[in-house]
Amino acid sequence: MEKMNDKLQNIAKKLLENKEVNLIIGFTKGSNPLRMRSVFITEPNDVSKLSFNAHCVQDLAVFLKKPEVKKFGKIGIVVKGCDEKAVNTLIQEYQLSRDNIKIIGVECRGVVKQNLADKGEDAVKQSTVYDKCLVCEVHTPLLYDELVESDEPAFEINGDIKPYAKIEELDAMSVEDRNMFWQKEFEKCIKCYACRQACPLCYCTRCIVEKNTPQWIETNIEETGNAQWNMIRAYHLSGRCIGCGECERACPVNIPLMLVNEKMARDVFEKFGYKSGIDINAKPVFGTFDANDFNEFIK
Amino acid sequence: MARIGVFVCWCGSNIAGTVDVKKVAEEAAKIPGVVEAVDYKYMCSDPGQNTLRKMIKEKNLTGVVLAACSPHMHENTFRKAAVKEGLNPYFIEIANIREQVSWVHEDKEKATGKAIDLLKMMVEKVKKNKPIEDVRVPLTKKALVIGGGISGIQAALDIANGGVEVILVEKEPSIGGKMIQLDETFPTLDCSSCIMTPKMVEVYQHPNIKLYTYSELEEVSGYIGNFNVKIKKKARSIVEKDCTGCGDCWNICPMHKNVKSEFNVNLSERTAIYVPFPQAVPLIPVIDRSVCLHFKKGGKCQKCYDACGPKCINFDLQDEIIEEKVGAIVAATGYDLMENSLYGEYGYGKFKDVISGLQFERLLSASGPTEGVVKRPSDGKTPETIVFIQCVGSRDPEKGVPYCSKVCCMYTAKHAKLFAHKVHGSQSYVFYIDIRATSKGYEEFVRGTMENEGAIYLRGRVSKIYEDNGKLIVKGADTLSGNQVEIAADMVVLATGVIPKKGSDKMAQMLGISYDKYGFYTESHPKLRPAESSTAGIYLAGMAQGPRDIPESVVSGSAAASKILGLFSKSEYEVEGTIASVNKTTCVGCFYCKRVCAYSAISKEEIKDRNGNVLKVVANVNSGLCAGCGACVNACFSKSIDLKGYLDEQIFAEIKSLAV
Amino acid sequence: MKLAYYPGCSLKGTSFEYEVSLLKILEALNIEIQEIPDWNCCGASAAHSLNHNLSVALPARNLAIAENNGFGEVLAPCAACSSRLKTAKYEMGSDDILKKKITDSLEMPYSNSLNISNMLEFLINVAGKEKIKSLVKKPLSGLKVASYYGCLLVRPPKVMKFDDPERPVTMDELVALTGAVPVDYSYKTECCGAINSLSKPDVVMALTGKILYDIKEHGADLVVVACPLCHSNLDVRQREIERKYAERIGLPVLFITELLGLAFGFSPEELAIGGHMVNADKVLKKIS
Amino acid sequence: MKTVINEQERRNFAREVESKLHDKLAKCYQCGKCSAGCPVNFEMDFTPNQIIKMTELGMADKVLDSKTIWLCVSCNTCSTRCPKGFEVAGIMDVLREIAVNRGIESKTEKEVQTFHEVFLDNVKSNGRIFELELVGKYKLKTKHLFRDMFLAPKMIEKGKLKIHSDRVSNINQIAKIFKDFE
Amino acid sequence: MENNIVEDVQNAQGDKEYPAGGAKGEDKDKEPRIIAFVCNWCTYNGADLAGTSRMKYAENVRVIKLPCTGRIDPLFVVEAFKKGAKGVLVSGCHPGDCHYTSGNYHSRRKYTAFRDLLSYLGVDINRVEFSWISASEGNKWVSVINEFTNKIKSLPGSSDIFSKK
């Protein structure tokens, strides 16, 4: 770990000193050693605050949509493989210019679930990491300007734990049962929009939920509106969500949002062979079409 | 407050026979906002329209709903009537209670109920309507034609003869395109240059045509009626106005070996300063700087300069950029032939006597390298047996293209025929898969080649060509007899397939028109709008659209011209006002709208503060280009773009009116 | 990287000269190879003729063994073997169900990751032209050499992914490196009929004869091949062809490895050139 | 040369071939390039393109008993040059396999079929080819005892024919492969 | 002639009372409401053709016209469900025939994903139908409407996450 931190700090220092960036967004140790928090560094002397470990759960790319951050112009950001895909998508969707971002990729071996970490869990293994880490294909970020290699070994996956197992379970259910399941989940929603705030790709300055001519989503806290909000968010993220899981982590009432996002990612891949966040030059799946697209459901 | 008038039409018994029109009117009157609801026997008749107009005026209506026949029948009729009373035409909505109710349902009760529903939907919609102004675009009445082949020439001449100024841009030093390289043309066997050169001269002399040869399109911006184009006029190294085309320069040029003539498809050589062919238009030479000794050897050679009487050679001339403003564009960029070297088994490039169809044209042509005497490139001997292979590259998804190149069947039959005329006692063998000869006189022409000229047609492909003792051994199949045949030929002519001009995809991107996977430009509609591109104001002609023969190319050139003359016959170009518009305050600039727009109607617009700093980049709809399909509206996550006439709010109002 | 060597049956039998010369030049090139432990026959043409699945399974066993022994690259000098190995890899790469069936049957993990090279690919890509050129001590100047590729090195191109299937040049380039003059002729990639050598000798002699007489006509001193089956037909059957068509051929047929070996300075004996049926002594005198 | 098409049989046969071939018979537009380039075409009773059409028409009897499928030397010239990328050589493999599965013994090209069978037997028992045994068994089966006989002594002299066989040591695994896929 | 017609109409009108608002009233459970979003160029014309050809079909459908399938936002379907529609039909030009070249292609992609999402969230996907109906396919319009209406009628009265309790 120390080696990683040294390298991270050296890179950050160099970038700041050479004025290649005006701001670096990274992780730093919080009050609780098993909770890492974000840090914003503008001075080369402050780089010692930067650190990385298996508790760096947050997707820092979320800050890139904030006007306060955008103001800095050239920005350096510390990203894990999954988070880096958000950066790619932001570039793809013109929210970010490749020239204005220095991607400091860190090789990540998986991050420990926050609830376990809070109980003192420190070990990275298949039973302690998030589901997203079990399906992760980007332990090394796909695109980076600087790379900090991991000195940790990869944890072992023996298939005992099935990531997102509930998806298959839901798929196998009857429509009524699925309906029941989601009704119960969405009933809990308090429309706090924390999911939206935590999502690096929910960058609209005026969200559809805030549009009232016409009113797309009922704003009062009742089930229809709740369900509609969650479904529209999932629809807007289809083919875009990069699976960082921040929405679910942010949800104060524990709606399993990743079950929807992951399901849609799988469907989009199955139907269109597209995975989000892979290639900054790729056409987004819903910004293009193929004459031979899936047609079976149409009479 | 809305003041809606409702008019229920009986359409004689067409509606009233199944729908209780009185009841519909009664119910309509109860809808909030409806100030008047009447029924009438024939709303579209003069008295009907007068009733409508009278009501608009007397009741001061802000919106009108007609429960009548399909809007595709009379929407325009009613809109026009409304306009006469000063009501914006887009405040007329029609509930289709004939095609969708009275004619398709029998149960009067249910039909009446449905009619009331449809009417309510439209009342709710019209309440949300906003006035829409049709967009008027000014027209610059000048046209640009890209490509000086036969279709481009035809388009330019037709437009110019219609009294409109034309700019014709040609990449090569001379206009004439591929057609001027041909010998005689099927099926009438008239000589290509004889019919082509007068047209080329006409272009050159036409007062309405400005010709830029040896020039390329550099940049295109703007939209229908208002395109700004930049043309790069490459340096010819000749002061054109002074040149007389006397030929003293190219006759003295020492570089007369090793540079292959493009016009003769590498069968002869040309000088460094040259005209591509004697009838070139304009008859002004060009210096090929990549081979000219003056440029390669640091200015030592200037023999042409010394020989030039009017002293019009200027080695220092540079490329020039010319800017023009035009109202319409014809893309007639033509085609290329496929690379024969794709077929190692045919030995093109290895065996000198395996040549392409276009090379054979040059061998047949009186202006060609052999002055029209058919000679083998290898040893100059007259061939006695020629094997022609059709579908080389065409209908071959593996190595070539899957489509049919359309002209090869005909030109091969012509080749075999001309060969028989030129070399008595000679023999042609033609390998074909299917014969496609479908225009006027074509089938007769091909039959004539077989029956009167003795060409032997074999149905099958050739697999391999070997060389043996100065003969080309052609190993092919005759699938009709089920045999493998070997023919010892003196020469083999490959009927190479047609592909779009190299760079046509780049050209399409520059013009903002769509093209298919091969690079051929796509028509706005394959049947009904074959002369139009997907972008308003840009028209298509010739082989750039796909394989076609000379008459079809000429027709397409004329079609493009007539479209442009039609466009220019009005003072302004009118676009329906039902187009997209962006809420720039909420637009976040993800440009999904731009990605899905088939018309390139969406561009990026920078929003700046007072000091010129870019605050954000948002979408902007070009009203000249927008066709009003609404795909962009669906693509927008934050709902910051909407389609006039079909606003989200209006659709919601319609849905809401149906709430049960 | 460890280099696996798949000799195949021919190199251990009728074409032992190929293996002898191969080992010699690899030694000179300082490239180490290891025979795949307990390799088995690839099934050659018989397997795919009668049983598609078997034709993939037999070579797959060799690939799986090589993979499990940590190899990343396999050299299969026999063109037929390399063709079968490459085909097996291709088939398993495009048919997951078959791949699963086979790995289940083999009871070995298998990821289909090996790179398979035929002799020519190996010489060009692994050894490298520069290095080969640097080792030429005895240029074969004046020798006119026809390269015969046959079928399996280049066809089908989507599987072999090697050279131009109609106008291959790799072997000619290697010939040129030795200082000999490559001879161009018509039947470079024409089939010699190998697989029916025993069962349809008349057909095979007709095909092979056409190739040999064409090479002869183009003035070559000898022929080089990179396939034991081609070699058998061109060399072993040459006398018979001469008898059948009553016209002398007298073309020694060498493996490309033997030609390179000669240029590297090895003696014909070291390269087992004496093992061929057509005597090469007279031709080799030209260079000594 | 008249053929009455039985629709059910036609479909069954065409489908069987297509599923084994992973290719569509309809792709072939009968240009004959495969036949033109085939090196052994001169011996065949039907050209390769005819075989494809006949298969599409369900003429199983004629196709499976043709000389063509056994004369094919798998040189792949046809597939390589096919403008439609059809697996011409592949269909010959498929047809041979179907013929063998149906127990059809080639009337005219018995030797070729026997050679392949003897070859595979040899692989099955040794894991590798023991050439002397292969040749011997083949000759015994086809009774072409003296054909090529003059070659043998010289080949043995040159060391080309070995007297002993090299066997695969894990011969059980070879047996299992044969068991699983035969 | 005209008199007869007028008479017929007047007779037919009689004194009968129709439930206000058409299909509202007690019949509403028996006669499910279907909303069809159709494009202006193909399907709307196809429906018109069914009319001019006097073909008969179920009365349940209410057509909302939009310029192009590309404008038919999947979220309209949700809105329709929320407002009580039992079935929603989306119909436009066949692939390759779009008046605006590619609107239907873009929509097809979106609906593919949207259907999956709806179904996954527990909406009976039988309630959403898609079809390509050209301007010449009046008969197809009729059969699609009839079949879809029958299908909707046969569905159990399921609730979904968008309907109010």
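Letters A, B, C, D and E name the chains as they come in the text, with residue numbers starting at 1 for each one.
Quick note on the criterion: contacts are C-beta pairs under 8 Å (C-beta built on N, C-alpha and C of every residue); 3 or more make two chains touch, one makes a residue touch a chain.
All values reported here derive from a predicted model rather than from experimental measurement.
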{"item": "Graph distance between subunit C and subunit E, where chains that touch are linked", "value": "2"}
{"item": "Chains touching both subunit A and subunit E, listed by label", "value": "B"}
{"item": "Centre-most chain, if every chain is reduced to its averaged C-alpha atoms", "value": "B"}
{"item": "Between B-C and B-D, the pair with more C-beta contacts", "value": "B-D"}
{"item": "Subunit A-subunit B separation of Cα centroids, rounded to whole Å", "value": "45"}
{"item": "For subunit C paired with subunit D, centre-to-centre distance based on mean C-alpha positions, whole Å", "value": "22"}
{"item": "Distance between chain centroids, defined by C-alpha means - subunit D, subunit E (Å)", "value": "59"}
{"item": "Whole-Å gap between the CA centroids of subunit A and subunit C", "value": "53"}
{"item": "Touching two or more other chains - residue numbers and ranges from subunit D", "value": "42, 77"}
{"item": "Shared-contact residues (touching 2 or more other chains) in subunit C", "value": "165"}
{"item": "In subunit E, residues with contacts to at least two other chains", "value": "74, 79, 102, 106, 110"}
{"item": "Pairs of chains, among all present, that meet the touch criterion", "value": "A-B, A-E, B-C, B-D, B-E, C-D"}
{"item": "Subunit E contact footprint on subunit B (complex, rising order)", "value": "10, 12-13, 16-17, 20-23, 27, 30, 70-72, 96, 98-100, 103-118, 120-121, 514, 522, 524-525, 534, 578, 596, 598-599, 627-631, 633-635, 643, 646, 648, 651-652, 654-656, 658-660"}
{"item": "Touching residues on subunit D, where the partner in the complex is subunit C", "value": "20, 22, 39-40, 42-43, 71, 73-77, 79-80, 89, 93-94, 96-97, 100, 109, 111-112, 114-117, 119-120, 123, 126-129, 131, 135, 138, 142, 147-148, 151, 154-155, 158-162, 166, 168-170, 173-174, 176-178, 180-182"}
{"item": "Subunit D contact footprint on subunit B (complex, rising order)", "value": "345, 391, 395-400, 433, 459-464, 475-479, 482-485"}
{"item": "Contact footprint of subunit B on subunit D as seen in their complex", "value": "29-38, 41-42, 46-47, 49-50, 77, 81-85"}
{"item": "Of all residues in subunit A, those that touch subunit E in their complex", "value": "170-171, 175-183, 186, 216, 222-224, 227-228, 231-232, 234-235, 238-239, 260, 263-264, 267-268, 271-272, 285-286, 289-291, 293-295, 297-299"}
